[in-house]
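In order of appearance the chains are A, B, C and D, and numbering begins at 1 in each one.
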């Protein structure tokens, strides 16, 4: 029985895929039908996913290395004498992901129906297409977690990239009056290209791995011999292949999980519909990066004390604190969450960097739930405010209260306030999510975040696994703790600005509570955000047992992350402090004007944070524009110089030649030469025409001269030596 | 069975003769006849696809007969893993091209169909030839109809006459040098037979070293072949005929140009240049890596030019330069790994990747050209942006380029969907056909020449950039502006894909998706070829 | 008492050169034709001198025969040449070869 | 050798002579102008056909000499085929052309037959005298034909230029012949060959000068640069059928004489600075110059003149690089013969098209060919095939001609011959440009608004059909033609 279901794992991603195909090809004109098909697709995936999960939960011994038999090849591609086998696998990590992904997706799917305004008049014309896209997205994530090899993992990884492009740019016809503000179509492009940078790096790593190992199947790559081999052969110098490839893989994760320095796409991805944000930031795409590092973790630890872990830890911790500072100065409700996501992903990455494998995965799971909750809650808020805006707009009389159409920003927290009364379900579930995010006891975030911090502290105390040095432990702990404070601060700020106080605009005043298909998922997710942490409490750490089992591959059984009361208290204290400060600034005296009270005291720092440390501008000036300029230069070179024949003919050719002789390198040598030959040819033809005078005696003269020359040639050739010697020159 | 290849190749010629008999005013009969005839090679090529035994290396359906016995030239044809898919591709694109053209070509229909079928014969002939003279004859036979197709049916503003002659002369210039090399081979080894030459040469082969070990001659002959093929491929810096020719040709002509004619060069590399001159090829890929450098330049330079390009068709033309650069990189890696037993699998993979790139580029870029034709037929314009008189894009007050279209994604969803699939296949999205080619090319290259491969993967980013930023964004995204559309197109009607356009595109889209998900059947063909070349 | 061969040859060569110079420099078509005749006569001198001095079997008379044929042909050639010159004159009222340059370049 | 045998061996020449005379007489005595227009050329064609048949019947005769100074050998027979074929096709094309241009049509056909006779004689001359005589015969008939349209300024100019140039070069050649006679004491080519083979150093100088002087005469006939300059003017001015004749028949005669004289009389002077080097220089200059200047021509006849110069360069390559001791088929000279054979059909295809066009429209400007495919698909199609064959595109006879001559150059494998091949292929790319330029006008450019369809008369249709079939047959199934060419290089008294 167990085997039957495990053998069917590969079907999980196919359900949403089928839904995608059916909607795109046949039902795209029927909105309700499309909705249901998408629901059925993800629903089946959820059911099967949970069956697999619970069986793995119950019998995970079967799935651990010595006995497990669930890399199952599906098909192979010939590669010379060998072949490349592709298939699926089930292990505990897959199982856990299958618990989280389809379920969160299902919630998002249900929520989407309401969010996309099903049944109202201004229904989005591409409603069905939206469900098709998110189904494909779900397929991508599910396929990713059931893959038994890096190649299909990469394939699904990229399919998600595609979907994120399509979904972020879903409202591709939207334009804003402010030309500086990024439009959805540009955001989609940015997301795709930025992650593609990481993907290419990862692809390179994968190909190098394949070259070195000859296989991409996890079980082959992570076998003890292979890891040994990778750790003791060198890419160059004293850099082992394992380190090098691991770092390249990490490049992919940096892109996908929006870590510094490739984080820039994620906040702009907020241009997409909110369920998309939830999908991308919570359940799927961004966690794929963490999943990749977790999945290839054996590779990261193959070299004891290698630099790869230090890089991972540093990037993670730095990103965590870096992006939480930005979140402090954002006014867009979704952008705050976006930076918060980057920061939380930094937690996970940093945890992996100090070897806290289980804690990272745990945080990944809990975070998925509460972040999905928060995003959907914010979506509900925006939705409400938009409706309120419409409402007030229709009833407003007189010039005051009348805002220009298009300038009103429903995402701006400055336009909200006091929404808890108007939208109680949304508000309370949002607060639950916020508590989980900030790691307040006993919500889920507390347990997972605490486990990371405890592991970091323990590393500092005792030295870590896999040769991670103690100092790294301290570094990570310190940064993450500060980040915890900031997290609590900006989350509190968000809550107070949004829900507390009095409505600052007419829109907020008239915002209605969302429809049940939106609120029910919030409630369910809130329940999970509250209770899920219990799976990983220090006293009954089921989660550890399960995931730790798959970590046996790592050659060293991970030690139980001990509960450290001091650390727990410190982090809780820091979090509470954050809430308190936020309350003092934003909650104690609710804002009446849409200006952040911190703007004045922080001055230029606030501007810096508000502008995200100017990263977009730097990239624009440092990478994008030079690339475009280079492209323009190539184009000009090709189109103007090379393809068009140079008009001025010989004169220009002469100048060109002299120029070329002067500086022989940086000139159009390529095809200019070809056209040059053409010109010389033409010129020669002209010259020869001039000899054709039409006068027959001239012709005869030419003939006579030729005869003379030929005779002279012979005479010189034969007698010149004699003559020379006769003259005493020979 | 031994006549199968002959039948495939010469049925179009029969079509030419039949079309010739129909009076030129009876366009309906001409169209039906032309399309009908073109289905015969397609069906036969499909049969060939399935009848070919992939487990067996070596040539199948081989047929040999005297042609010019005085100089030992034979009518020697055969199919192997390399040629079977390409023959199928040729037959398919021809049929689709004819279907598409039967709706879009309005003048001189008879000539068009006649030339198109003649062209098909030339292309198919190249793929089946196993004799150098036969190869050369077919190689050049295709030139003339293509020249006429570009010149007659090109759009006047694209300077079709100039482009046509440029195309012709470029190819001819390359191939006459090849002719000298062919003759050279004959005088040293006494045969024009490709099979004998490719298997008999070498220090232990019955024919001895190529050119009897005279390295100067061998190198000269190698370059003669290589340049002839490189012009067709086209490899930077021999690419400059391509943008002009592709832009000027009528839609179906561009499809064939990009889909098949470029592959003739690629085919030549793998069928002739590499097997006959492996040492020389290897030398210039490994010891003195000129060829991989040119391949990288093609990839990056081609992609960069695309990014600055505003003419949609020209852009796609340049994308071919970039894409065929991947092909060349794969061939370089394969050549560099030739004869090294530890690289035999990597070389085979690189060669598989290169061959896949040929096939996939054929269906993908062929499809893209069809899709460009779709917008051009409606709008009579291909500029992505509103252009000023000097050919520079106009900008608004915020210095943003003013798109000429935009918003078609909303107005023509079907077109948008098909275009998206094709565009993503073109940028190598996993799950679509283009990916596998790039994957295997880089797989081989990363093992054999990692630095080149590392540089080459950068091209992937640029490719994504120009396809999504330039094409998709300017054409489909943004808000549809009816005023602007009317201004750009002079009041043309905007309709979504029509049935014939769907019929043309769907087979290609299905192939992109099918071979994207399950490439094994295709790779099996190429692998059987690569095994013969690199195995053992 | 024999005149040496070289004398004949020098005379013939001189004659040839004079003829050639005339053919190349005279503007009148008839005069050019006369130059050609001189060249042909130079050939005749050569042929006869060689026959006298070089030919092994003098009885074959080949040199003489050749010379006679050359004379005959020269006459035919002159006839055609004159006919063409007349045709030329009829259409253009000139036999100046410098003016015959309707077609050039 | 009895009289009957002699007559049999001379039957082609005799038939031609007879035909020419009959045509002249019939033209003289028949009063009915209407019927004469058709029947005189028909008569001429019948006679030519009979001569052709006689030539074919003589095939297989062992090489022998008739009337002391004429060879009957495969080499000569081959050129007779070419000569008769050329004149037949030219006659066909001339019928509509002459219609409105001259009242004296009968003599025209008779002169053409005599010119043909001259070529047959030239191809078989084995003594200096017979060679000279045949050449002058050919020249004189050609002068007359070139200037045939007496009221046409261009035609008379063509005639007089051709005449003056020809007269001077033939005198120069003759001077060379006299020197050769002086150096060896014989007028028999074979005898001369024996003498020079045995000769001492004093002989060398004289012979080399003789070779150079004779080459001037031969090159004039072949139209090798730089003895080519008469050709563009004459080609442009002469009646177009005569241009066609000059570009094929006269050129073939020049090649026949060149090869026979050099191979039987002067094989010893081939290498070092012998005729091979001279010819190579002329060939390279011809290929380069002819093709380059042709690029800039606006008159199709003039362009074809330059093309013919270039083609002469290609054709010579085979002869320059001939070999006799090799197994296989690249003997060089058979390449030249093969090329000539293909060139006959190729060039006449193009000229037939030009003549048909000119007959109907009176123009030979390239620009006037625009839109021809709409006005006459037949002419345009045939001309395209011909032009592609001239350019050497595979599938046509022209390609295999080039294939053979370049092949022998490569087989010869010296730096000089490889240079020849290289120059050959590079210039053939340049050539493709101007050949295709005409295709461009015919196919790409639209016709004028008021352009009428071009009417093609039956004789021209026959000519167009024959030439097209010839081009494609040689291009696609060349084996019999290769055999023909290979057999035809057997030459009486060839001494190496």
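Basically, a residue touches a chain if its C-beta (ideal position, glycine included) is under 8 Å from a C-beta of that chain, and two chains touch if they have at least 3 such contacts.
Given the structure is predicted, the values throughout are model-derived calculations rather than measurements.
Put simply, the chain nearest the middle, going by average C-alpha positions, is B. Among the other chains, A has the CA centre that is most remote from the centre of subunit D. The chain pair with more C-beta contacts between its two chains, of A-D and A-C, is A-D.
In whole angstrom, the spacing between the mean C-alpha positions of subunit A and subunit D is 75. Here the CA centre of subunit A is 95 Å from the CA centre of subunit C.
Subunit D has its Cα centroid 43 Å from the Cα centroid of subunit B. Centre-to-centre separation of subunit C and subunit D, using mean CA positions: 26 Å. For subunit A, the set of residues touching two or more other chains reads 689, 692, 694, 696-697, 700, 704.
Listed for subunit D are residues 160-161, 164, 168, 172, 232-233, each touching two or more other chains. The set of subunit B residues that touch two or more partner chains is empty. Touching chain pairs in this entry, ordered by label, are A-B, A-C, A-D, B-D, C-D. Interface of subunit A with subunit C (complex): residues 689-690, 692-697, 700-701, 704.
Residue ranges on subunit D touching subunit B, taken from their complex, read 328-330, 373, 388, 393-395, 399, 403, 406-407, 410-411, 413, 421-422, 425-426, 428-429, 432-433, 436-437, 439-440, 443-444, 478-479, 482-483, 486. For subunit A in complex with subunit B, the residues that touch the partner chain are 24, 28, 75-82, 125-126, 129, 151, 154-159, 161-162, 165-166, 169, 172-175, 179, 185-186, 189, 192-193, 196-197, 200, 203-204, 207-208, 210-211, 214, 627-628, 630-632, 634-636, 638-639, 642-643, 670-671, 674.
If you check the complex, the residues on subunit C that touch subunit A are 20, 23-25, 32, 97-98, 100-105.
Against subunit D, the residues of subunit C that register as touching in their complex are 9, 12, 16, 19-20, 23-24, 29, 32-33, 35-36, 39-40, 42-43, 46-47, 49-50, 54-56, 62-63, 65-66, 69-70, 73, 76-77, 80-81, 83-85, 87-88, 90-92, 97, 100, 102-104.
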